[in-house]
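We call the chains A, B, C and D, going by the order they appear; numbering starts again at 1 in every chain.
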Amino acid sequence: MNTTYVAVLELAAGAVLVSAVMTLWRRNVRSIISMLSLQGIALATAAIVLGWHEHDVALFVTGGLVLVVKGLVVPGVLRRVARLDPRSRESRPLVNVPASLVIAALLIVLSYVVTSRITSLAPSDATRLVPIGVATVLVGYFMLVTRRRAVSKIVGLILVDNGIALVTFLLTSGVPLIVELGSSLDVLLVVVVLQFLMVSMVHHSDTEQLTEMKALHD
Amino acid sequence: MGLLGLAAGFCAVAAMAAAFLARRARVVVSSSLGALGCLLAGASALVTLITGTTSTFYTSHLLPGAGLSLTLDPLGAIFILATSLVGVAACVYCVSYAHGPMASRAAMTLFMVFVLTLLVVPAASNVVSFMFVWELMALSSLLLILTDQSRNDDSRSAALWYGVMTQLGAASILLGLLLASRGSASTFSAISAHAAQLSPNVRSFAFVLVLLGFSSKAGAVPLHVWLPKAHPAAPSPVSALMSGSMVAMGVYGIIRVGQGLLHGGTVWWWVAVVTLGVVSAFYGALHSTTSTDLKRLLAYSTIDIQGLVLIGVGAAGVLGDSGQPFIAHLAMMAALMLVVAHAGFKGALFLSAGAVERATGTRDLDRLGGLIHTMPVTAFVVAISACSIMAVPTLSGFSSEWLLLQGLLHGFNDSSTPAMIVMLLGVISLALTGGLTAVAFVKAFGIGFLGQPRSTGAAQAIEVPPTMKIAMLWLVLPSVVLGLVPGEFVGLVNRAASSALGKTSLEPLDHGTGLVLAQLRGAVQPAELFMGVVGVLLLVSAANRLLEQRRARRVDAWGGGRDVQTARMQYTATSFAEPLQRVFADVLRPDTDVEVTHIAESRYYEQSLMYDNRVNDVLEQRGYRPVINLVLRAGRLAQRLQNGSIHRYLAFGFVALLVILVVLA
Amino acid sequence: MLILAILLVPVAMTLLAASVSWHPWVGWASAAASAAVLGLGVALCVATMKAPEVALHGALRADSLSAFMVVVIGTVSLLATLFTPRTMSQEMQSGVTSARYARHYVVLMEIFITCMLLAVVSANLGVLWVSIEATTIATTFLVSHRRTDGAFEASWKYLLLCSVGIAVAFLGTVLIYYAELHVGGSAHSSSLDWTSVMSVAHHLNPNVTRLAFALLVVGYGTKVGLVPMHSWLPDAHSQSPAPVSALMSGVLLTVAFYGLLRFRAIAVAALGTTYPRTLLLVAGILSLLLASAMLITQRDLKRMLAYSSIEHMGLLVIGAAVGTPLAIAAVLLHVLGHGITKAVLFLSSGEIYFLEGTTEIAKLSSLLSRRPVLGGVFGFALMSLVAFPPFSLFVSELSMARAEVDAGLWWVVAISLGCLGVIFASLTRHARQMLTGTPSGTEVGATTARSVAVPLIGALVICAVLGTVSWPLQSLLAHAAHGAMP
Amino acid sequence: MTSPLYSVIVTLVQVVLAATGGPLLIGLMAKVKARAEGRVGAPIVQPLRDLRKLMRKERLHARHSSVMLPLAPMVIFAATTVAVGISPLVSTRPLLGSSADIFVIVYLLLTGSVAAALGGLDAGTAFGGMGSSRAMTIGALAEPALLVAVIALSIQSSSSNLTTIVSATLAHPDWVFGPSRLLALGALGIVVIAETGRIPVDNPATHLELTMVHEAMILEYAGPELALYHLGEAMRVSLLFSLVATLFFPWGVATGHSVLALVVGVGALVVKTALVALAVALIEVRSAKLRLFRLPELLAGGFVLSVLAVVTGLVTR
């Protein structure tokens, strides 16, 4: 049973990272959002498995919440946003795809190095996987920096958030529920607000200049 | 201390009155309250100087962090005395002078605050209190410069220069004081007691920082650039206070920190001070000879005199360090005496410049002339003060420069190399500046007040109202009294010098009316000399009476064969200084443009000829401008960082995160 | 009880504003609510001098530090909300806003204030994080309130940059939680409660805490506006309505800073002073350097003020890095002084924008002669900003410098003083352009509305009193500083 | 003889000597120059006769002049008289001998120069301004050399009091031929020539517009005022010459209270001063007037000499 648990956990965590890297690889915004949805589901799986293993109801609930919010609602919102943007392709990222993948690999190595000291505090099957979460954070951040489309930026932000959530589950089996609820709600709100802003901007200034906003500068 | 508190209270009430009273009452009430406050402060300073006592005041309820701490000792008292001399005059002067922007609520309030801070700075005795009043002094004077911005753009630029220089200076002072107070309480007495435990390097570093800041305030070259801009731009009572009193606070700071808090340190500190003094004295004197703006001339002359003061202070430091406390004392006394004398004559001169400007609408010497006929009192004040600054015997400038010369001369007794170099440099710069100062002030008085008026403004000048006259004449008093009977004040100055150097038992001068060096051979009895001169003058005029009863007949001046003599044919201030400007062209770097327009028909005949001659501050042009340009360029470069791209902004954070992770890994 | 009251006042005001349509009295009511918060905050200060206040079974907890922050929030929000009616009527007059958005505005302002109050009185470090994140969302709408291209762009950047930053802070919080869970090698119950974390802070795993604190500095530093995570700040401050800028610059930044201050205490207990000090010093000095460089050739008034905020946050962080009681007390006084001063500046710049139609420095001139009161207030506030006495920033900066030198960091003081010198030069140069000069036409000095002049002058007077009289604050500051010590 | 009375007599003698001897000195130099140039020249007493003639003339003031015009010659005369009166020229015990500080003398002379320059500016003419400007420029350049040379003299005796210097020199005859003294003598020589307005610095006989210095300043003076002016200038010349003579060759100066010594002192002073005048006259004959803008070189030379004098004085002390 324990091995199953470990296998499922590893699979789920791995899926989180893989989907993160996939978002870097794909250019089509729609498929990027699909990756995000996949990642949400994987994250929820990890949470539920952990909760089941630790007999932690809160984590179980959180897992469910994550499944709904990150697996369904957020991607749904994003798909709507993406529809606003007819040319929804990440056609020319600031760092091209092969280079991005190489950098992602480096980031993963870095996160292994960094987290090794942390996990040594309480080594377990779960904490072993923490580097994956940290790597997801970094890959997400990298995506945020290098992808031009507004939707991609939001996706990057969610990747960061998912990574952090994964770390949270693996390290501590989740922070207190109220915090967890608050943070999930915050993410949801942020995404909604970002979407609202995009919509407003598109409506407001007709010209669709979401990618290069440089009106405000010194 | 109580008296000083009362004085400060008067000034504070004056500020309040200025802030809340209606326009008419405002000026009179606040000015008279301010003058009373200054008188009281002067009295308290005198009491302190006479009794030689030190009194303190401390409250923790004011100034969060450290509390307000005031200590009135003879060293501070002599600077308060100088301030109060000028302060009284400036306040009285204001009664009639203040009109237009100067009479505004803000200007009068700031003026009173300025006077108040000037009176308190020499008494502040912990780091926070000192910096508080110091900065308040800077702020109020900075804003006062802006009072009369309606006339031209000068005051705005002057304020900027002044503000920046004074703030950089204050920063330097602050860091120096903090370094000195490291590991002890921040009161001056604690710093002084603790100073011996600081490492020599820390002490030296602290002193250098403090010296940079204070010498900038004292107008020492090359940190003087603000001064020739700020003094002319400010309203005259303010410039009188700035030049007579505020600039001296720089010297006060150097003495207080160098001698009082850090106990004299090492020789090279004071060699540096003397070097600053030498350079300033020469540079200031030279520029004052070529300036044609009356106030600018006075400003450069301030730099010159402060240079001499610094030479005295530095010589005292060097001699004190090499085991000549007696002569060190003498040099310090000379410096302090010169500070008081300078407050008197330079205050009078700035007030007179204000009177001239008010009467004629200009300060440009090239447009003045003949004012001695229309403004006799002002002319008298300028004549006496100018003579004093030129060190004409039996005036205050002479007494103090004589003391300084004696200090330097006997400083040669010390055979250490730095002492000899310092004394030699000091003597040379005194010698160099003496002649240049004479040129500058002969020019100022001779061109401005003698001859014929060079503009309609000068021709139509009328003498200023009585209060302004009283104010100016009041400031003639120190020049005369300190010149005629300097011996009467030896005791006071001696106490101040004792408290500056921390040695109480030395009395380098005998008591009496004149200046008589104790233990050394050297004396001067100005009163007797004066009687001699007056006696001869009386004899001559009596002889004149005997020879001839008739008044002199008025005739046309000889015009070299021309019938018409116009005012335009006179020598101007520019032409007066032209020979010296040529001699020192390498230092002054004058800008001369000659523009010739030929008549259309022939190139050999000229229609008009424009000659433009400017002497800019070469240090400003070559030393400061490049730095300013560099900073501006850095600013423009930095702007490229924030180009508006969110990708870049996100990348900043990402890189920061990665760097931290890599460092931690 | 007091704590609950403090939170309930703005909550009630939010509900009120949400339930009625816009009318100027709603604005005045919100000002009254802020005044009430300020009053309750003062009461809280008095109460916490004896012992920390607790409410809701320990979920809310206020020591002197929290109480002081409540006072800061109350003061600045009072100033900002006093301008709500005026700002709204001006904006409606110029067609920027409708009654609907005015209602939104008040509601969001109250939510914003509530979130900040919650951040400083919550006992839980997680709740602290949640409420700071919530302020981001509330202020995003406030930044975009004017609904111009620039406003949307600014709020987009603001939200994106701050969200990712604050997410990093969450990771840091989680790591602290993890370290707390495993104190002494074995797992025990953990709550992320500030007091409980502090009680075991000495035993936290250093490796974890080190990483956690770094992440927290990056995360909360984003919100504080520390370089290099500062980029949202000038855009957001320059685009939002003046009262919002005032609140953001005056307190939002310092509320995030408050979070850093709490975590610094934990980090110092777990790691000693060196590591947190180094990290904070680097951030602080970078902020100072960048702010001074950006101010030199700044073209926009509000961006200028925003960069000045970065500068002051840099100073605060450097003060916190030193971390002696004297330094922290000075830092707290600086928080208050900066809050008031910056609020005055932003509010008067809003007035200037309304009257002159621009915030471009080059297009403003001779304000002092044309609008003596407004120009004077702005000028004096600038003098306060560059730390001239008698304003309190002078005393606080001086005390910070003293503490830094005492801690052996004189070179930091040297660098900061150098930066401050450049900043002073730049600000006075810009001020010269804006304030001085003679008006070109025959304009005579225009009077300034009393509703503008009185609060602003009052605030400046308070700032001056704080800088000269030590009576009410001194002991409170010392007590509060004690709360921020490990 | 009682001491105060003696001092009064000494002072009176010195003043009378300078007042009569000064013009005679000018006459002497003119005569020497004339003879050297192969002319007969005016009698030596001619300057005195000129003074008498001017005294009888009417007082004239230029139209725009002020009180400064008549005041200037009085100040010059008074300052010079006091300086002469207190200097130890004939005896070491003149009135106010304790104030006979070398700096006092220097600044009294400066006062005279300032008064002269202001007098020149008073009438508001082009020539007056030109003369003042040039005179002040030369004065400003000569002043450093003068002061530093004077200090070189004071260093050896550790005092700037003239009486002390003279007595100390009498006590240490070897000082006189020391390098420091000789260098200082060179410097003072240049300064004296500049201050008294002799060739090569200024030509007292010229009225050429381009070259006038001193004469340009006094163009507006006439009658008794011009006489007083000339008298003051002559006394100034005699004071400077006799100071140089006394400082570098103090023998003959009376130190006691005896009348005989006083008589010897007078005789010695007359001879010494006449010798100095002779030397100056010969220099004048042998040199041409320098252009105004070449003067700084000469005066800078004097300044350097004086600084060297101080340095050697310090080194050889």
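We take it that a residue touches a chain if its C-beta (ideal position, glycine included) is under 8 Å from a C-beta of that chain, and two chains touch if they have at least 3 such contacts.
Here the structure is a predicted model, which is why all the values come from computation and not from measurement.
Enquirer: Would you kindly say which chain has the C-alpha centre located farthest from the C-alpha centre of chain B?
Expert: For chain B, the chain whose C-alpha mean is farthest off is A.
Enquirer: Average the C-alpha coordinates of each chain, average all protein C-alpha coordinates together, and give the chain whose average is closest to the overall one.
Expert: Of all chains shown, the one whose C-alpha centroid lies nearest the global centroid is B.
Enquirer: Please work out which of A-C and A-B is bridged by more C-beta pairs in contact, and write that pair.
Expert: A-C
Enquirer: Could you grab the centroid distance between chain C and chain D? Build each centroid from C-alpha atoms only and quote it in angstrom.
Expert: A distance of 77 Å separates the two centres.
Enquirer: How far is the middle of chain A from the middle of chain C, if each middle is the mean of its Cα atoms, in Å?
Expert: From the centre of chain A to the centre of chain C is 31 Å.
Enquirer: Using Cα averages as centroids, what's the distance between chain A and chain B in whole Å?
Expert: Using C-alpha averages as centres, the distance is 68 Å.
Enquirer: Between chain B and chain C, what distance separates the C-alpha centroids? Give it in angstrom.
Expert: 43
Enquirer: So which stretches of chain C touch two or more other chains?
Expert: 156-157, 160, 164, 168, 211, 234, 294, in rising order.
Enquirer: Hey, what residues on chain A touch two or more of the other chains?
Expert: Each of 114, 141, 144, 153, 213, 215-216, 218 in chain A touches at least two other chains.
Enquirer: Can you tell me which residues of chain B touch two or more of the remaining chains?
Expert: Counting only residues that touch two or more other chains, chain B contributes 639, 641-642, 646, 650, 653, 657, 661, 664.
Enquirer: Give the pairs of chains that touch; include all such pairs.
Expert: Touching chain pairs, listed by label, are A-B, A-C, B-C, B-D.
Enquirer: Could you please specify the touching residues of chain A with respect to chain B in the complex?
Expert: 94, 110-111, 113-114, 138, 141-142, 144-146, 148, 153, 212-218
Enquirer: Enumerate the contact residues on chain A facing chain C in the complex.
Expert: Those residues of chain A that touch chain C are 114, 117-118, 120-122, 137, 141, 144, 150, 153, 156-157, 160-161, 164, 167-168, 171-172, 175-176, 178-179, 182-183, 186, 189-190, 193-194, 197-198, 200-201, 204-205, 213, 215-216, 218.
Enquirer: Within the complex, which stretch of chain B touches chain D?
Expert: Where chain B meets chain D, its residues are 289, 369-370, 372-373, 387, 390-393, 398, 402, 405-406, 409-410, 412-413, 415, 420, 424, 427-428, 430-432, 434-436, 438-439, 442-443, 445-447, 450-452, 514, 516, 520-525, 528-529, 532-534, 536-537, 540-541, 544, 547-548, 550-560, 565, 567, 569-571, 575-580, 582-583.
Enquirer: If you look only at chain D, which of its residues touch chain B in the complex?
Expert: 55, 58-68, 70, 74-75, 77-79, 81-82, 85-86, 95-96, 98-99, 101, 103-104, 107-108, 110-111, 113-114, 117-118, 120-130, 132-134, 136-137, 139-148, 151, 154-155, 157-161, 164, 209, 219-220, 224, 228, 292-293, 296, 307, 310-311, 314, 317
Enquirer: In their complex, what parts of chain B are in touch with chain A?
Expert: Per the stated touch rule, the residues are 639, 641-647, 650-651, 653-654, 657-658, 661-662, 664-665.
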